[in-house]
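Same chain, two partners: chain A is paired with chain B first, then with chain C.
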Partner chain A sequence: MPFTGKSGKFSAKINTVTVGTGDKAITIGGENVLPFYTFDDAIANAPKVGIEITDGGMDNEPECVKKYYEGCSTAVDMAKKAATFEGVDFLSIRLEGGDPNGENKPTEELVQILKDIADAVDLPLVVCGCKNVEKDGELLDKASSALAGKNVIVLSAREEDYKTIGASAGLAYKQIVGAESAVDINLAKQLNVLLTQLGVNGQSIVMNVGSAAAGYGFEYVVSTMDRVKAAALSQSDATLQMPIITPVASEVWGVKEAMASEADMPEWGSLEERAVDMEIETAAAVLASGSNAVILRHPESVKTISQLIKELV
Partner chain B sequence: MAKFVTIGERIHCISPVIRKAMAERDPEPILKRAKEQLDAGATYLDVNIGPAESDGEDLMKWAVQLLQSEFDNVPLALDTANKKAIEAGISVYNRAKGKPIVNSADAGGRIENIDLAAANDAIVIALCSAEGIAADNDERMMHCQNMLERGLEHGMEPTDLWFDPLFLVVKGMQDKQMEVLEAIKMFSDMGLNSTGGLSNNSNGMPKHIRPIMDSALVAMAMMQGLTSAIVNPCDLRLMETIKSCDVFKNNTLYADSYLEI
Partner chain C sequence: MTLFDVVFSGNDTVYGLTESAINDAIAKYGADKAVAFPDTAYSLPCYYAVTGTKVGNLGELKEALGVVKTLMTREQKLNDAFMSGVATALCAEFIEVLKYIDGAAPYEAPCYGHLGDPVIRELGVPLVTGDIPGVAVILGAAPTAEEGVALVKSYQAQGILVTLVGGIIDQCEELGYKTGANVRVIPLGKEVTSVIHAVSVAIRAALIFGNIKPGDAAGLMDYTMKRVPAFVNAFAPLDAVIVACGAGAIALGFPVITNEETFKVPKSLIVQKDVSKFNATSLEARDIKIKITNIDIPVAFASAFEGEIIRRGDMQVEFDGSRVDCFELVTTKDMAEVEDHKIEVIGPDLDGFEVGTKHSIAYVVEVAGKRMQSDFEPVIERKFHSYLNCVEGMMHTGQRDMIRIRVSKETFNAGFRLKHLGEVLYAKVKSEFAAVVDKCQVMIYTDDAMCTKLRHELATPVFDKRDERLDTLTDEGVDVYYSCIMCQAFSPSHVCVVTPERLGLCGAVSWLDAKATNELDPQGPCQVITKERVIDERIGEYEDVNEAVKKFSQGALEDVSLYSIIEKPMTSCGCFECICGIEPLSNGVCIANREYAGMTPIGMTFPELASMTGGGVQTPGFMGHGKHFISSKKFMKAEGGVKRIVWMPKELKEQVAERLNATAKELYGIDNFTDMIGDETVAEDPETLLAFLEEKGHPALSMEPMM
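Here is the complex of A and B:
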C-alpha cells in the first residue's frame, strides 16, 4: 500500500488572546499544532518575548544587566529604555517591593509607578505581584483598576487568591487573568475551571503553569506543558486551551549559575555569559514545550530568543 | 484516547409528549428535553422519529434545524427506519460540531444504511445482528466483519462505523452478559469504535436499581474499550461513573471539579 502521510494538525486549537491596545498590541495562541510544528500547519501567532523590570529600578538588576540601562535612574526610565531593545514584544513589571517581608512599599506608590510606565511606553504590559497572597489581593486589584482599558495581563491568580484576583482583574476591570499553578497539571486545569465558574471569560485567561531554571526539576515543567497541550489539542479540552505565559527570568536569575561570582567560581567562566546561557536555554526549552510567551531579563537573551522564534515560525 | 461519547436517548417518539410535539411541530417539549440532556453532559442527541412513513422527510428536517439552530449545531444521531428521512435530515445538517450519525444499520435487512452513511460522509451505528440476536460471539464478529467490509468498500473510514454488540437484558439473559463485554473487547482490539443501548441490561428492574446496574455495566464496558453509549444523560449516577472512568482511562485530565464540567 502506498504511504499516505497524515498531518498532525488538530481540530482543536489554543485560544487567541490579544494583550495591550493599539499598534503595539500582541496576539498569542491560536495554534492547532504542537509547538513549532510548522510542517503540520502554519502557527497562527508566533510566541512573544517580554522583558522584565521591577519597581526597584536599577537597584534590583544584576550587574551585567545594569550596563544596558546606563543613564536610567527610575523604573520608568528603564521601561522607556527596555522598549527600545531588539526583540521586545511586551514589558513585564514585577512589583517585588510590595512584599511585606521585604521592602513593604505601599500599594499607592507601586501603582503610581505602573501608571507612569503605562503613560511612558505603548508596549503591552504584564503586571506581576509580589507573591504575598494578602498584599497581592490589594496590589493587583488597585493595579487592575489603575490600568483599566490597557488590556494588561495580571500575574497572577493562584489557588489561594483566584477569587479576589479573578473578580477584580477579570470581572471588574476586564484585564487578562494569569492563572498560576506550580507545576501541577491537575491544579492548572482546576484553576481555569474555577475562574470560569466565577464568571471570568475563558478567552481572557492565560496560564502560568510554573517554571524552573533548566536543570532544576525542569523535566517536571516539560511534562506538565506537554500534558497540558496534549489535553488542549488532542483531547479538545476547553479548560486547558488557554495560552501559556512563562516567567523565566524570575527562576533563572536566582540559581547559582547566574549568581556565583567569577572570583568564587573561576572555572565556570564569565558570569554574564553563563547567566545569559541559562536564560536562553530555559526559554528555548519552555517554548519548545508549548509556552506562547516568555518573560526574560537580559537584553541579549531577549534578542537571541526573538531571533530563534523568527527562524522557526 | 478521546472522551467517551454519550448519545442522549430522550428525544424518542415512544414518549407521548414527544410524539405529540413531533406531530404538531411544537418546538417547546423537544427543546426542553434537548436542553436537559445537554446540561447533563450529553455529547450527541438521538432524534428518534419512529417509522415516520408519511412525513418523515419533512419531520426530520424540521427536527434537525430546530435543534441545531437552538443549541449551537449540536451533533445528532438520526434515528428512524425511513431512509429518505435520514437523507433529508443530513441534507440540512451542520457538521461544525461533528458528523451526523445514522442510527442504525445491521448485517441483515438494514445493511444498506451503511451505504447511505458512506454516501453522506456520516457515522453509522452498526448492530452486530441480522435476523434476531446473535447466538454467540462467532456470529457477532461475523456480522461485524461483513459490515466493516461493506463500509470499506464504500470508502468509509473504519472508525466511522460504531459497532453495537447489542446489550442484553439481565433478567432472562444473565448468562450472556460477559459475552457482550468480550465482544466489545474484540472491537476495541481491532481499533474499532463501539456503542449501544446500554440501559437495555436493566429493563424490567425497579426504578431505583437501574442506575446502579447501568453504572456498573458502563464501567465494565469502558474497561473493555466501549467508546460510546446511547444513554439517558439525566441519570446522574451513570454520568458520574462515565466521567470517573474517563479519568481512569486518561481520556480526560483530572481536576477537582471534573464532575461539574
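Here is the complex of A and C:
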C-alpha cells in the first residue's frame, strides 16, 4: 500500500502583525502550521531577526561586540551601523539606563535618544523598557507618544502595568503592544484577555512569553511555546494567536558561558565563540519552538540565524 | 411645569442663541469662513462623534444646526428629554467654536476653554488605568467660597480630575486656591456653554481609547456610561439652560448632583442639600472606588512582621478569646447603613488598660457592595489573621471567637491605638476586595458587657449559620462548579474541578473560595463550570465538565469523573495534601498524607506515590486529594465511598476521625469507623493489615472487587 502523506496544516492561523512603516516594514505571523513545517504548508512570513542596542551605547556592549561598532560614539551612531549588518530585520532599543535602581536616567533623556534613532534609521523599531514597573509606566508611555506613527513594538506590558502600557501604546498612540508573561501559558493567555478587554486590538498584540538561555530552565520555555502554538492552531484559541517575539540577547548575555573570562575559564575556549554559540543555540531553539521573531546582540549571531531561517523557510 | 418642560425650554433658549450667533457670524465673515477648535483631529468633537460628520466652515455649521433641530422632539418622554439635552450640548459646542474663529484665543488664565488632543491622550491613560478614578464637573457657585474650595480639595485628594465652570472659578481665585492641568483642577470657563469642553474630553476619550466610530451615537453613549467615570455637581440656583445641559450629561451616563430642591431622577438627578456630602454622594452615584495606597498607622506594615512573636514581657495588652469574650466578624449591610471609612471604638482604648492585662475585644467589619454576597464574608474574614499580623508589634492567632491578639509595648509607645487596627482592616479589605466591597466601616468594641452581648447575640448565630451552610452545601444543591488551574505553571495539563463536597486537592481551595476568587478576578484561575448535562450520575460525569476540562487543559484531558478513583479519575498536580491508592489484597484503599514519612501497605512511601500520581495525568487507582475530602460523602462514591478506607497514618486518622466517623455512621450505620482502619502502628505491609481488618470485621473485605 503506497504511503500517502497527510498535511498537518490547521484551519486556524497565527495573527499577522506588521511592524514599522514604509519599505522596511516587516510582517510576522500568519502561519497555519507548526514552526518550520514547510512540508505541511507554506510559512506565510519567515521569522524575523532583530539586533539589540541600549541607551548606554558602546559602554554597555561586551568587548567582542564593540569591535563591530568601531567608530561609533552614541547609541544613534550604533543604530545606524546596526542597520547595515547582514540579516538585521529590525532594531531593538533597550532603555535599561532608566532603571531607578541603576543609572536612573530621566525619561526625557531616554525618549530623546529614541527619537534621534527613529529619525536616523528607517528600520522597524522595538522599544524595551528598563524592567522597573513604575518607571516603565512613565517611560514607555512617553516613548509611545514620541514615536507616534512609527508603528513600533513596545516591550512590554506585564500583569502589573498592562493598563498603563496598554492604554498608552495600544489605545492612545496605536503602537503594537508586547505582552510579557513569565513562561506560563495561562498567564500569557490571561494577559491577552485583559489587554483586549481594555480595548486593545488583539491584532496589535505580540507576546513575549518569557525566555531563558539554553540550559537554564529552558525546557519550560520550550514547553510553554509548544503549548501556546498548539492551543492557537489546533484549538483555534484566539486569545493565544498573537505572534511571539523573544528577546534572546538579554537572557544569553547574562549567563556565565557568555561572561566568564578566558583567564578564569581557559578550558572553555574563546569567550566570543562561546557567547555567540550560546546566542545562536538559544535563538534556534526558540524559533523551532514557535517564536516569530528573536532579538539578538552579536552581529554574527544575527547573520547565522538569518541564514538558518532562509534555509528552512 | 414638568422636568421635561424645563429641559425643553432650556434647550429652546440655547438653540435660539446658537442660531442667531451663527447667523451673525455668517453675516460678518461669510459662509465659507473656517471654524475649528485648536489642536484636535476631531473637528467639532461632540458633533462629529454623534453624527460622524465633520464641520469645516460656517455654512456647514448652519447645516449642522439643522441636524441638531431634528433631535429636539417634544414628547413628554424620557428619550425626548435626553435628546434635547444632547442637542443643548451640541449647541453649546457651536457657540464655543465661534469664539475660536480666526485663531482667536478666547480664554485667558486661569481658564482653559477647549482642551487639545495631546492633553486628552495624557489624561486618558491614567483614566483608563484608574489612576484618575473619576472626573468631576463642578458647575456654578457654591453657597460659600470655603465650601466650594473644600469640595474641590476633597476630589483632588482622591486623585479625581476636577473641571470647573462658572462661579466656582471665582471662588477658587478668591481664596487663592491653586488650579491648573498640572494639579488636575482645570477651570474651563465662566459661561455655562464652556461646560462642553469637559464633555468634549469625555467624548474624545471614547473615540481615542474606546475605538468608537464617529457617528455611532449608541456605542458612544454606552462607552461614556460604562467607561468614563464622570459626574456633575451643579450648585443652586439652576436655570432651565443648566437643567437642559444636565439632561445631556445624564444621556451620556453622568449623574448630576445638586443642592437645589428640584425634580429627582433616581441615580441620575440627585438632590443633596448638604454640600459637604457632595463628594460621597457623587462617588456612590457614579460607583467610583478610590484606590487605597497607604495605611495610616504609626508603625510599619509588611509581610516581614507576619511571623513576629510577642512575648509576655514585651506585651502592652492582650485580648484573649479563650478566656474572655472576643470575636472578629465580617457582616454585610445595605449601602445606606455603611458610612465608608468610619472607624468607631466603643469602650476603653489601649491607653485605658493597665500594662500586661487581658481584655475583651470584638471588631465587626461592616461591608456593603452591589456585588457583595454573604458567602464572601468568611473568605474576607479569614484574611484578618494575615492583615493584623503584618502590623509591626502585633500578634494575631485564631479566628472567629477564638482569637488572641497581643500588642507590643513598642508599638503602643509609637502611638498605635485601636482605631489603627480599624485602619488596617479598612484599607486591606477595601483594596484586596475592591471587586465586591464598595463601602466599609469598622466597629471596635472593648466594653466587656458589650463584647459578651454581641458575641452571643450577633457573632455566634452568624457562625452557626455559616457552619450549617457548609454542612448543607452539597454537589446536588448548587448550579455550578469551579475550575482551578492555579497549579498549571508546573503541572500544565492539570485541572481541579472544585465542588462543594470535593475541595481542591491542595486543601486550600474550597468551593466558596473558588467562587470568591472567580468573583474577585473574573479572568483568573477559577472559572465557572456548569453541570447541566449529566452523563453518569454514579461516577459524577458531566458533558459540561468534560468540555471545561478539555478547554482548561488545552486538550490534554478529554473526560473526568468527580467521584471515581478507577474510571476517569481526576488528575493531580503535585500539591495534594493526601494520596489515596488501591490496596488490592484488602480490596480497599490506603491514604497517606504529605507529612507522613514512613511506608504504606501499598509498598510505597508518600514521595513514591506522589511520583505516580502527579503531573496532571490520569492514573486509575490513585488520586490526590485534600484532607477535608476524606470525610466527604462523595469520597470514592462510585466505588462504595469511605468504607473502602483501610489504612491511614495515625496522625491523619486522628485529624479526620470525628467527621469521618459521622459520615460512616450516616451512610452505613457504622459506629467508630476509624477504629477499623489500620495505621502504621498496626501494619506497614498488606498481610498484617489484612489480618487486622479481618479481626475488626472491616466492611471493605465483603465489598465487590474494585477491579
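By our rule, the second predicted complex is superposed on the first by the 309 of 313 C-alpha atoms of A that agree within 3 Å, B and C clash if a C-alpha of one lies under 4 Å from a C-alpha of the other, contacts with A are read in each partner's own complex, and residues count from 1 in each chain.
Quick note on the criterion: a residue touches a chain if its C-beta (ideal position, glycine included) is under 8 Å from a C-beta of that chain, and two chains touch if they have at least 3 such contacts.
Since the model is a prediction, treat every value here as computed from it, not as a measurement.
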{"item": "Fit-or-clash call for chain B and chain C when the two complexes are aligned on chain A", "value": "clash"}
{"item": "Chain B versus chain C as contact partner of A:167, first or second or both or neither", "value": "second"}
{"item": "Residue contacts on chain A - larger count, chain B or chain C", "value": "C"}
{"item": "Touching partner for A:231 - first (chain B), second (chain C), both, neither", "value": "both"}
{"item": "Which superposed partner A:186 touches (first chain B, second chain C, both, neither)", "value": "both"}
{"item": "First, second, both or neither for A:281, with chain B first and chain C second", "value": "neither"}
{"item": "First, second, both or neither for A:194, with chain B first and chain C second", "value": "both"}
{"item": "First (chain B), second (chain C), both or neither touched by A:136", "value": "neither"}
{"item": "Intersection of the chain A residues that touch chain B with those that touch chain C", "value": "185-187, 190, 193-194, 197, 227, 231, 235, 237"}
{"item": "Residues of chain A that touch chain B when the two form their complex", "value": "185-187, 189-190, 193-194, 197, 227, 231, 235, 237, 239-240"}
{"item": "Touching residues on chain B, where the partner in the complex is chain A", "value": "2-3, 251-257, 260-261"}
{"item": "Chain A partner contacts - residues on chain C that touch it in the complex", "value": "121, 124-126, 128-131, 208-211, 485, 488-489, 492, 523-525, 551, 554-555"}
{"item": "Chain C-facing residues of chain A, complex", "value": "141, 145, 163-164, 166-168, 171-173, 183-187, 190, 193-194, 197-199, 201, 223, 227, 230-231, 234-235, 237"}
